């Protein structure tokens, strides 16, 4: 499994991106860094959705895995005393993967809106369950305190940078892996499934296997996103699994398109930024402003932000 | 009757008709001939108003149609048989034939229907069957019938013989032949001339979206 | 995932026995029995709606017969899915080409290549030099090399048909079913298409000869390429045998071919 | 026994409210292939319009029973005003695009309408409560039902029957099927496709607004009405099969009865009863109970 | 001239806007105006905060806890606010408190219900200037007892989220001690924002009980009252509602007569007579044509407390704008007069307020065309709030020891 030249390029691009992000974290204002941290952890969930969009399905219920990863990390933190941020991320990913595993073969039988709605139903059942579970704080959720890295606890003054650095690193790593997957043999099959399932079945490949695996990978990504969100926010509640949360993830994924992982992160960042500014400057009409912004993007960037990035020659090849 | 002048049309930024000109005289049967992808279907769809014009003009019977929505064109008495038949699967054969007649108030439904059944009596057997249950060739027959029903002045037939078993395609050309002299103007697109060369009054060759030559058969 | 099935040299490549299938009131297949021997080129002709596509669909697992059995080289595959049947060395093309319309021609073939491979890898790059070389080779044997970078949706109908067949052939099938490979292909190109297919089959098979079953309406094509013809009418096989015998059959003339002269005849 | 009857009545009344709203959603999806998230907003606008109109009529001293007519008129007004504007002015720009993208367009529209209603009507509540008691009460054993609720059942049945009849038994309905199946071909047959789209959207918005307007008398109309309606009516439509009127009816009944049963028998489960039912049904009928016939692909 | 930038966060859209968010923000607007013009009565009569004009920044609380965390950061860092007063939702309060703490910025939670914030956590920079929700239900139970209302069986209907679940539990625990042997019959948990209560009403009608306890609020409460009232529920069971005063002006005649209601404090029609209350009532009703209820009261008591704390801290800082630490030190453990009575930061190590509350019975007053509240009983803060050394749930379970009634 020696890295082929294209995955080598992807890795290099990811490393360069990480260096840039880390540097930016130093110079940008704190609030912007915090905003980007959340945007990236959410972006990972949307990245999972983009990954599924490549096999032609859009889950409207990624809140399920987002919450699974988030609650897993939060519970490990509070109940088992696991405070290492990387362990928590991994645990979030694994928990979401495991929760999704029994549903993957079932969901893989569905297409289009039915896939979307069934996954939504699952996430809403989890939502209902969490609302009822007073041991987990019910609808109010509960808090977690600050995570550590290899036993080191960041001081108050730089904790935002600490979280940013970890989030950026995890994001770059996962994004690079996703890119490599998209460029792989299996990744191409996903696109084939999106385009023509009948053809793929008639070539001897199981469509539901492809979809199920993509669902599981997306679940793992969503779980890591959930875990990162919890350590960043310091709080979790059942809203993680609510349909509007899932809806926003879908939104970002579609805004970005499924061609570029950078676009997904950029879209997530952009959405957070626009929402933040409109809610501060138009407290009474921020939804209107957000809605108009979305309409404009959809109208003028038909293929998502990705298409804009692709138009810039710099990204053409490295598109990590 | 049908006049296309220097028509330019693009599909997804690819120019598929590049200054194409076509004149179909009234009451004549003209064949539009070309290889696959030459642009025959595009010509038909342009006449029907499904592709926006980048340049040039389309007129039927002296009426300039540029910009008119498709349903206005049908009202001029144009019957169109799309390449992929385009039947409504959940309607019966008869309902499919009636569909354009329902929205054309100037036509007498029963009169047109019996006219169609007169020409294509084999349809009487399947009139109550859902279009969804028909095989490809049977669907062609129904699509032709539908075009005949509403096409009082012009027929646009897009590859009517494609994918049709020889016995049936013979039948279809008979039907088309019968129309000659009835005053109908007919434009048939074809990639294979074998079926109907003898039928045609005139042949127009299209290649890569442009005219090549026009030869009188 | 191919089952280690040992082909029985004596049994036919495909054996369909008593296949019956109806859709509501329509009997699309009524007691259809056809055996195909290795290396044969069987052509299915028939009036429209006679049940040719239905037959192909049943053989490839898309439709389940109401009754009857289908054997592939001796193995019963009646209730297998299209995928399982494909894995047993059967490939098909479609009356309406089934392509990945937003991909380029090259990507279509590349997808087919990785689909038919044993296991598509999660991390190994799809466009490695080896795969690309094989794809280009395949494309040029179908004369599609010039189109390699065009999206499939921009292709003219005839080229689509060819690409559909090329995709079917990437997996080195033992049995190839083609549903109307030349319909929608212009007269000048029909023979070219069929020649390409036949040539591709002959140059590509590394082991045993490919058995072909194809559906066709053009009798000139039938005469030139079929080693055997089966004629369908109303869900039944009304004649099956050598080309001349079947085409000369009175019922076949009445229900299928009509009195149409062949192209050569017309031009004479 | 008595309990079963109660569950049945409660289920039916809830179902009829749901059905009116879901019917509009399913119509719009059936014809325009748009899963309209803004449906909930039209519901809310209908409620506001209905409540305002009734309030005005009450101040004019009109008999409360008549105000039901006013509610219907308010819904019609909302549909006449908003539907063509939305369909022609906004949705039409995006028809050529992906289906999912249209969902997003309607989501953006939902956000916009959320604030627009707030700008128009403010945040204070509107009432049309007099109308709710205009039909008296009906006593069934130990239970009292409000006549208005029973009237809702009739309205729902009437809406359902009327739309089913129009779509399945009239020429107009068959023309609509042609548009649903293939808009380009329908156009080539002389059908004015854009008019069909506009009318279908008008009908959908009307039903949403009607649902809202008829609910207005039993609630206080204020911000936040739209969100709750959306998912429930989506669930109904999905259970029944998208685009199917029978499906919406069945879905509404199933959801209504399931909810009533859970409130009476196991109140703690009310929160997720709908989703559990939806998941179970989709497991057994992946495309909903009434699936749309598909054209042959190969 | 230095100004004091003050972030104010509450629901401007969504389901809580009508009942809580907008009235509270409206209250903030009139009070801040009065502050800036130096028009408030003594001791609140200095201009702004000790001479500094107050510059408010309003923000919508709608959109979930994640958004609140982010926006709170932005308020402090991007908008450079000196303090934030806000948050109605308990989940939002729980989520934002640690953020302010981490950023070492001053935060007042003016409303939310859950006792968990200062019982489970410890904060230096975060305060809550109103009682938590246990008081509301304890007071209801005590009122029933003191009025000798017969309760053998009681029904409950609560929204299925923390507020409803907690209210249900608190009331049940309080009843266990005050009404030994009273049984719960119908125990309904419709989802938040349900709007349609037909089925619930049937269930209630099928289970006759003496009282019907509910913590529904806002649109849900109004819809329930309209639907249940029409079907005669309230003729058979007396409604006992923990937070209902905010729907009285809107529902008017439709509100059941003889309902026992609380306002989450001595607010609105149950507020005490005082010069401060008269002033406040006056400026609010003049500006908005309706009398102030729970939400604006809670907002004004937060702002009054903040004003005194800010001025105290300024005095300690030589008249300069105080730091968050100085503000916190000034507010911690303090007490001040509000229109609803004295607010004392008695719990949570001086960070959580307690206050008196009141319960009364409603009656439609046809002459004034408004719902009046009669038979009002005031409960001192120590009677209905847990003591500083006990968690609410333990206190309730132990039978409310140490309550001074």
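Details
Think of it as A, B, C, D and E in the order they're written, each chain with its own count starting at 1.
Going forward, a residue touches a chain if its C-beta (ideal position, glycine included) is under 8 Å from a C-beta of that chain, and two chains touch if they have at least 3 such contacts.
Everything numeric in this text was worked out from a predicted model, so none of it was measured.
Contacts with chain B and chain E are shared by D.
Across D-E and B-D, it is D-E that has more C-beta pairs touching.
For chain B, the chain whose average C-alpha position is most distant is E.
In terms of the distance between Cα centroids, chain D is separated most widely from C. Note on chain placement: the centre of chain A and the centre of chain E lie 37 Å apart, centres being C-alpha means. Spacing of chain B relative to chain C, judged by their CA centroids, is 31 angstrom. For this pair, chain C with chain D, the centres built from the Cα atoms lie 49 Å apart.
Chain A and chain C have CA centres that are 43 Å apart. Counting partners per residue, chain B has no residue that reaches two or more other chains.
Shared contact sites, meaning residues of chain D that touch two or more other chains, fall at 114-115, 118, 227, 268, 271, 297-298. The residues of chain E that reach two or more other chains are 12-13, 160, listed in rising order. Those residues of chain B that touch chain D in the complex are listed here as 48-50, 69-71, 74-75, 80, 82, 86, 88-91, 95, 99-100, 102-104, 132, 146, 150.
By the touch criterion given at the top, residues 1, 60, 81-83, 86-87, 91-92, 98-103, 107, 110-112, 114-117, 120-128, 131, 167-168, 170-171 of chain C touch chain A in their complex.
Interface residues of chain B facing chain C in the complex, by the touch rule stated above, are 12, 14, 34-38, 129, 133-138, 140, 159, 162-171, 191-194, 197.
Considering their complex, residues 3, 6, 9-11, 13-14, 17, 114-115, 118, 123-125, 127, 129, 132-133, 137, 142-146, 148-149, 215, 217-220, 222-225, 227-228, 259-260, 263-264, 267-268, 270-271 of chain D touch chain E.
Interface residues of chain A facing chain E in the complex, by the touch rule stated above, are 29-31, 34-35, 38, 131-132, 134, 137-143, 145-146, 156, 159, 229, 233-235, 237, 239, 242, 244-245, 272, 275-276, 279-280, 283-284, 286-287.
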